[in-house]
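Next come two complexes built around chain A: one with chain B, the other with chain C.
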Partner chain A sequence: MSPPSSTDRVVATTSSASRSGTAAEPVLAVRNLRVRFRTARGVVHATEGVSYDLFGGEVLGVVGESGSGKTVSAMAVLGLLPANAEVTGQIHFRGRDLLGLPPAELRAVRGQRIAMVFQDALAALNPLHRVGSQIAEAITTHHRDVTRRQLRDRTVQLLGDVGIPNPSAAARRYPHEFSGGMRQRVVIAMALANDPEVIIADEPTTALDVTTQAQVLDVLERMRERTGSAMVLITHNLGVVTGVADRVLVMYAGKVMESGGIGAVFTKPAHPYTIGLLGSMPRLDQDGGRLTRIAGQPPSLLDVPPGCAFHPRCPHAQLPGPCATDVPELRTASATGHRSACHFADDLTRVSPSGPSLEPRG
Partner chain B sequence: MTSRSRSGTAFLRRLLGRPAGVVALVLVVPPALAGLLAGRIAPGNPKAQAYPTFRPPSREFLMGTDNEGRALFAMVVHGLATSMVTVVSVIVIAAVIGVAVGALSGYRGGVVDGVLMRLVDMLEAVPAFFLAIVAFAVLGSDQNTLIVLLAATSWTALARIVRAQVLSVKRREFVQAARSLGSSGVRTVIRHILPNVTPAVIVVLPLLASRVVLIEAGLAFLGLGDPNRLSLGYLIANAQPHLQYYWWMSVFPGLVLTSLVLGFNLLGDAFNDVLDRPSEGQAPEGRAPARRAWPGGAGRQRVVAAAAAGAAAGPLDVAAVLD
Partner chain C sequence: MTSAIGMPADDAPDGSGETILDARSLVKHFPVRSGVGRRSAGPVHAVCDVSFTVDRGETLGLVGESGCGKSTTALLTVGLLAPTAGSICFAGRDVAEMGGRARRAVRRRMQIVFQDPFASLDPRMTAGASIAEPLRIHGLYRDGGDERVRELLGLVELGADDAGRYPHEFSGGQRQRIGIARALALRPDLVVLDEPVSSLDMSVQAGVVNLLADLQERLGVGYLFVAHDLSVVRHVSHRVAVMHLGKIVETGASHDVLRRPLHPYTQALLSAVPSVEPDRQRRRPRIVLQGDPPNPAQPPSGCRFRTRCWKAEAICAEEEPALVERDNGHPVACHFAEPDTAPP
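Right, the complex of A and B next:
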């Protein structure tokens, strides 16, 4: 890589000063985040008491099915939820609670210190503006004193960094003139324009071709490493998480089911839901028979089952018993050393000590 | 800036790529230009009774002379000037108010939206023509009064359209993406939402223009126009007693008025076609959809069928909004 240009420094100074926090202090600490939507059909419990820490420079994977509250909890961090959302809890970012922040201060955080990569790049780009001007806008929103020339240089440099060929010509094109993978690179360039401390990537590869997924993930990871940002990577693709994340958070029905280091969670899962997810993932490294599946459907968030939200679908549920009546707390399972919200986490890890595979069904 | 002019020529090229666009421009541009350049085209006092009366059209008097020995051509040109001044003023004022109110209403929603839209409902209930008659009775006939009145009753339709468009555009992901990058509400509206609303506004403006021309002429026809200004409506009214013998007195002002109004309406249609799909990720330079191009040879039947289908389900049926 070429040494940072003068533009680079102008644009990057504000965030780099506060960049290197101590290892012990999380950059982003979410505590007991509860998001509810009041709708005509009732109250939707989108997330119920989600807590997690994000440390500097690490990647936290957030995994779960559609409607498990992954995206909502990310949107809540940026304060981008619609007006009918009730958000409680705390979102500590660099010592401030983002939830209580006045709008102007929250805007200064958005895009500059916490940025978001959206899932559908075509939808996330304004069809009427040239790609270059949209990236430039991400910069001028926070830096009014940048000269036109600096802006253009920085824009072209960003486009080059994310691997778009002939970046200065690309900057003059419209979003529809790019392929899906290239568009997603543009969105990544926009998010990273101000060297944010935290990147929230909401299913950044879901809308892409499998062949381009890996490339885009690679670009995202390379850019993240260069800026030293921490990242929350939201996905339902376990393969994506395995390759990139340091730690993982498994969500179901708005609650955290299991969390811990990526290796620990995937080799010694301590929650039946995680086991089910892993069992339903095709693997090349294991000679397995049929893929297992998780029976049933995720619950409606209007009417979450009592007790453990997963119990109606859980092959290990003890019924009648605590599963249907008591909400399990997220606690460290003694056998594995990471946290799981299952009443029988300790028993589970004894059942399948070596691997993620449940007994294949059928 | 080059980008703007380039998309401008592309727009014009696409407009000229369809029959309605060409016909509309042919009908609108000459009278509009004549009106805007009235002082150059017909200098002097158009109402001067300087010529013999009732002269038929000739090389000397292009549109003949009237019962008072005035040249009709000069009067028609100055009548067009009145139309154009009224149209341009009303459209500018109505567009500014309509877009501002519509954007505020659609973007903020809630109580603001409710109050503004009820205000719009109330104003829509007032018929512009009769309001103008009453106002002229009280305040006297005056060009500026008419402009203010028409603007005050015209912005509501625009506000509704803009609001509806803002409501749909603001839900789109690029708006949320802009917010996620720290864009303020005002900036988001101006840079991301309004450009995506512009096509809907542009389509309505010619229809608004045709309505304004008709109301202005209609009031003058009834003798309620500004007495200091010539109007096509006044000329037509003045010609009425002489309709039987001196056809040119009615025909020329009538033709010009018809041409302007018809042209504006066709222009609205052509804009609608050209700007048909403003927000599907189409670039401003994108190709015009083939189905609306000039019908030629084997393509004709398909064009007719497509036109019928388009009429049945036009995406922007703005004519219905403007009474």
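Right, the complex of A and C next:
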């Protein structure tokens, strides 16, 4: 891998100058993030009090099923939610609250210091423009004084960095001329164009084959290590998170159910939802037999169950009892040392110290 | 088996373990036109000489990357596409040689469930009407059709009152259950499942996978299970066939092929599956294939995997490896088949 060239430095002055935060201070601190959408059918509670820290150079995995609020909480960070969204809470980035920022200042952060890799590369790219000019646009939006030559060199270099063969010819091609994996690399190149401090990757490999997924994760990880960016990796695939993330946040119905180091959460899960998710994954190292399924359906966000949102599907719910009435707080479970939002987290981990074990229900 | 309430008895019941589907040397070429004047740009060889069988009560998993021809194979199997060459034998008879009436009878006995439960159901038909449609088409509805629809809903763990609801009122997993009920309406011997769970959430996917296994046990139906997710395939299949660029490169008992893969492509596929065990994942060598799969309109000479293979030698470009047993237990199409090799 080549060291950053001079063009690199010209383009990236702003971000490298400000990259001085100490290791102990989070780059991104989200506090009590609450997103609601007013719709004709009622108020959608997309996220309810989500808090997390993202430290420099680390990868935070956010897992959960569709509709758990993973994407919405990421979009809120970037100010990309539609107008009918009501966002409250705080999103501290380098000490400033992004939620109170005037649009012009937010634009200076978005795409430059916090970049996003979208799930659907075909939708994220404009079909009418060459990929090179789309990457160049990501740079010129934030750096007006770059010469055309610098721009071209930087674009070609980025395409080469993400492993696209023959980058100078590739820069002149259109999105439809690339395969899915190559297109996702273009999107990654675009996100990295300004050397962001935080990359938010929303299901970056979901539409891809396993072999291509491995390639894209590889590129993402290599580029991240090289630029030293921190990353929020949103995915429903627990395996993807395991390979890449340092810490993980398990979300359900707009709330964080469990959070902690990846090893701790996946080997000693302290929330019935996490246990259920792990049990529902077919594994390569196990022959047939039944998968543990989580009974029922995820709740509608128009009408989230009272108390613990998971209680109607939970095999451990004590009813009548606190599960249906009191919202459990995210607190450290004594047995495992990581945080779980379950009234009975301590009992759970005592019952199954060695790993997930849950009887299927129904 | 389910009770045949008000339904005509099935045609001669066959014994178990019998081969119901025998696909022989299937070939499918698609013409491609491109550029000025839509000139012919040579056919895409989507499926090239693919043979396989499915027994009653058995699941054959067909795996491979997108574009390898697995969905085309599924469509050829149920007759939604006509093969360029090769034949499909159902219960011992070549479908192509059958007359209209016999072919219609065969159509009843093999059904397909599609990947996208949002696209495969008519949004203006209720769940009940969708499930009843195959019964009506084959003239079986008048005789206790209502009863059968209720029974089918129960079979896929939906309520009788769900019959009156429309697709948009259901979640993805429930819609896929409707698709499965519809496929089972005519009591088929074979159901082709084309990526039936890949669009579903993990916890919902587990429910559908369990349901498919239960139904097979109760009804003795054979499945051709097409998927790209090896861990799901491993879970549901008795036997697997690994497809790469229109050809089967390795096949055998599921636990054998997936525990001791011999073809470098199968090994690469397996190593790319992310695991949830942090230790295991970090310990395991991961094979990251370089580049994209080759263009199926211009496949490489010899072995079609050689351009991405770390074991390729001169012979691979010259001679196409046959899918045969090579003293390693199960058929594999590689000149250098051996267990557990990783690229240097």
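In the analysis below, the second predicted complex is superposed on the first by the 351 of 362 C-alpha atoms of A that agree within 3 Å, B and C clash if a C-alpha of one lies under 4 Å from a C-alpha of the other, contacts with A are read in each partner's own complex, and residues count from 1 in each chain.
Everything that follows uses one rule, which is that a residue touches a chain if its C-beta (ideal position, glycine included) is under 8 Å from a C-beta of that chain, and two chains touch if they have at least 3 such contacts.
All values reported here derive from a predicted model rather than from experimental measurement.
In the superposition on chain A, contact of A:236 is made with chain C only, not with chain B.
In the superposition on chain A, A:177 contacts chain B only, with no contact to chain C. In the superposition on chain A, contact of A:116 is made with chain B only, not with chain C. In the superposition on chain A, A:55 makes contact with neither chain B nor chain C. Of the two partner chains, chain B is the only one touched by A:190; chain C is not. In the superposition on chain A, no contact is made by A:344 with either chain B or chain C.
In the superposed pair of complexes, A:266 makes contact with chain C only, with no contact to chain B. Legend: residue contacts after superposition of the two complexes on their common chain; A:278 is shown touching chain C, with no touch to chain B. With both complexes superposed, C is the one of chain B and chain C in contact with more chain A residues.
Per the touch definition, chain A reaches chain C in the complex via residues 65-66, 165, 179-182, 209-215, 218, 236-240, 242-243, 262-263, 266-267, 276-288, 290-294, 297-298. Considering their complex, residues 78, 80, 83, 107-112, 115-116, 118, 120, 122-130, 137-138, 141-142, 174-177, 187, 190-191, 193 of chain A touch chain B. Interface of chain B with chain A (complex): residues 3, 109-110, 172-174, 176-184, 187, 191-192, 195-196, 279-284.
By the touch criterion stated above, chain C contacts chain A in their complex at residues 65-66, 171, 173-174, 201-207, 209-210, 213, 228-232, 234-236, 255, 258, 268-282, 286-292.
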